[in-house]
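Chain naming follows the written order as A, B and C, and within any one chain the residues start at number 1.
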Amino acid sequence: MTKHLQLSEQGRLKHFLTIEGLSTELLTEILDTAESFVDMSEHRVRKVPLLRGKTIINLFFENSTRTRTTFELAATRLSADVLNMNIATSATSKGESLLDTIRNLEAMHVDMFVVRHALSGAAHFIAQHTAPHISVINAGDGQHAHPTQAMLDMFTIRQHKKSFAGLKVAIVGDILHSRVARSQILALNTLGVAEIRVIAPKTLIPAEVSTMGVIPIHTMAEGLDDVDVIIMLRLQKERMNSAFLPSEGEYFKCFGLTEANLKFAKPDAIVMHPGPINRGVEIASSVADGPQSVILQQVSNGIAVRMAILSMAMHSQGEPA
Amino acid sequence: MPIQTLNIDALLDQLESSIRQQIDSRQLDNPILIGIHSGGAWIAKHMHQRLGIQEPLGLLDITFYRDDFSQIGMHPKVKPSQLPCHVEGRNIILIDDVFYTGRTIRAALNEIFDYGRPNQVVLAVLIERNGRQIPLQPDCYGAHIELPDGQRIKLSGPEPLGIDIQNTAKSA
Amino acid sequence: MSRIIIRQGRIIDPAQGLDTVADLCIESGKIAAIGEHLQASADSQSIDAQGQIICPGLIDLSVRLREPGLSHKGTIASETRAAAAAGVTTLCLPPDTKPSIDSPAVVELIKDKAQQAQYPQILTIGALSQRLAGSELNNLFALKQAGCIAVSNGHAALDNLLILRRAMEYAASHDLLIIYRANEPALSGQGCAHEGQFASRYGLPSIPAAAESIAIAQCLELAELTGCRLHISQISCMQSVIKLQQAKKYGLQVTADVAIHQLHLTEDDMIPFDSHYHVIPPFRSVKDKEYLREGLANGTIDAICSDHQPHDLDAKLGAFPETEPGIASLQTLIPLSLKLSQEHGLSLLDTLAKLTSEPAGILGLPSGQLGIGRAADICIFDPKATWHVDNATWLTQGKNTPYWQQTLTGRVTHTFQAGRLIYQQDQ
């Protein structure tokens, strides 16, 4: 069902909501397309007219300066017109329904929504109810998915490791609440890595997690042993308030990535983080800034990957009915 | 299966001669050569050698500037354009293999002008054929050929470089 | 009043252990006779029930009619029409109307509307606490006097176990049945799906099965302590079945029901983010479903109900977690019960008992059976008829069912309430 929602009649990408249901070929096509856009940042001319005349709305129900900025940059570099809408949602003010918000924006003749929302399934809902010519890109919905982040992470891994086959990947941190982790797990499995480990205390690991194709582990020593890629997730302060963890200090002692436990991994293992990083909580500064860290490359790759996704999704609109 | 194989060397000779004429008559000081990927780039490489141009050869990939993007779609493997940093005020010799509808050249001009404002752009193509759809035309060519419906010109390369007239795949 | 003879249907009356093909005669609103071939008379009507099943009218322990107060979701008129089409002749209305059923005045209001809708057999369940807020008891005796068949706190939680204990003791002193939905809010939180592989995969806030079974364990203990008559509504998981079984084994007088859709759908059947599958308690795992079915078969679970909750369109339009939970289910009762009977190897007699004689026993009603002289509450259905769930067949105001646009097998053709034909399938 998800697969059919995301693809056009011709099997091209129309909505980008989740990695689920997308083939290895399509994911690879996204990575290959992103390659073409990587060099652009270094050129004097950083714009191409691919999406000229198209209007993209960044519909952010949840605040996020960094994700919104990269989407804005990606759209602008494709010569699209970008509108930013930050819709504050508070528990006390009901405000406009999701559906009404979409309908009002559609009346202004837009071509694409980039949506970030606090509830899982929001992007799906919008894609199902929006006018047929509009594409929806999921910039993060609740705890469900953050597929563009996963793709830029895959792009970064491919840059350094060339092939996904045989790779051992460890994802460390709050898996339970992480839409990034869920999308990464789907992408890594589709692209054919050898093994995915999730490392966290039991409070932060989802029920039945092995059905997602991962191995849950509760110590860094065991979890990082011989891995090629380490992905650190951000720890949110709220977790301490709801008894998921006692303190940041104890978390860092057990699950923080330090130079010492980095040694459990392969010597050429790369260290990744979707950002923003909490130094001294999930990762030591010396590792974040160290030679194995590719965190900053993830950021610059983010623009190229999003340019690829925006242009691929927009392209399917030209298809004959 | 080619209908006719053309004499590639003769065409290259004629093109070279034609370009030299343009350089003289239009006083193209210190020109930059830019070839359009992929066939134009192969031709441009030959011209670059024959004309003994010092400045490095420029390469243009016009995929992102095509006007039929929404029908053709994204080509994943787009080679990035490599232009010398400054086109500002320079004399450019733009080289392609076949001039047909004119849309490729329009896209190429759009892209070049995004980089800066050249002094002049001179268009040189190996073959000019019938079927123009945009009011542009080459300044020099190796040959002008009239083709009936159902035939096209195909360049093969880069080594060895070859040029044929073929039947297009026709739908019933 | 004329006589009506229903001819040659398969009469199944669980209360009498009866399962035979025969004629059944209704006269003056009562069941007058059952026999192989009954005599027609000048003033008698005949209904041909060959190939069909005749059973007592269904008694549904939980049907939300949405009136008073939520008429954008449903009305007493529309939902009782759907109930009649579902073969339901007696239904229980939970207290979470607007206003909640806190006073005899609201009970009277509902009785009036029931009369207007010509569906008199609506049994009201009074609100256990004032406004269902969970801290102060309502005038339970007054509610009983006004006609409430039981009291319940609906889906809302009680403030703490002490309130629950006192409520049970007070209800016991008036011999009132407490209907209790077991849920520990500290564990279920904002959950909208079962804590299992589906919720994990799709990042949905989840409800562990323990939230229900822990609350059941607590209220079973308190029922033991207070001697209160207790009925547990809509259980959904293995651990709840086990706790009930243990309690019954040690002689506790407790009964329980399960919603018809919980016997069929699990988290594996959910379509991602389709709010038609948003229901509380949530669809659990296959193992939980197997325990529910087995629990029903061995008597641990006494009854099946529809847990009918019609919703307006807007309630189901939104990101999954923000949609309102609940399924409209009345007309799926017969087809899904038939399906259960076939799949689990339960006899039709035993299955129909869960919808008729058992609920009657729980509520202390004389109905739910086809004994001679009893009120003629009768359901006639064709077990082989297939029908498509759509606007033409679905009488409920709410279209919120996961079975929308699907084909079901088993359809009610006639429903009699006190001898009056309240539903007949259009030809």
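Note that a contact is a pair of C-beta atoms (placed from the backbone, for glycine too) under 8 Å apart; a residue touches a chain by one contact, two chains touch by 3 or more.
As the structure is a computational prediction, the values presented were derived from the model and not from experiment.
Student: What topology does the chain contact graph adopt: line, ring, star, complete, or other?
Tutor: Contact map by chain: line.
Student: Of the chains shown, whose Cα mean is nearest the mean of all protein Cα atoms?
Tutor: Measuring from the global C-alpha mean, the nearest chain centre belongs to A.
Student: Roughly how far is chain B from chain C, centre to centre by C-alpha average, rounded to an integer in Å?
Tutor: 78
Student: Roughly how far is chain A from chain B, centre to centre by C-alpha average, rounded to an integer in Å?
Tutor: Each chain's C-alpha centroid was found; their separation is 41 Å.
Student: Roughly how far is chain A from chain C, going centre to centre by Cα mean, in whole Å?
Tutor: The answer is 45 Å.
Student: Sort out for me which residues of chain C touch chain A in the complex.
Tutor: Of all residues in chain C, those touching chain A are 195-197, 199-206, 208, 271-273, 314, 317-322.
Student: Provide the residue numbers of chain B that touch chain A in the complex, in ascending order.
Tutor: Within the complex, chain B contacts chain A at residues 63-65, 69-71, 73-74, 76-81, 85, 110-111, 114-115.
Student: Can you check the complex and tell me which residues of chain A touch chain B?
Tutor: 12, 29, 32-33, 35-36, 39-40, 43-45, 47-50, 308, 311-312, 315, 317-319
Student: Going by the contact rule at the top, pick out the chain A residues touching chain C in the complex.
Tutor: Listed in rising order, the residues of chain A that touch chain C are 1-2, 97-99, 117, 119-122, 124-125, 129, 141-145, 179, 182, 206-209, 211-212.
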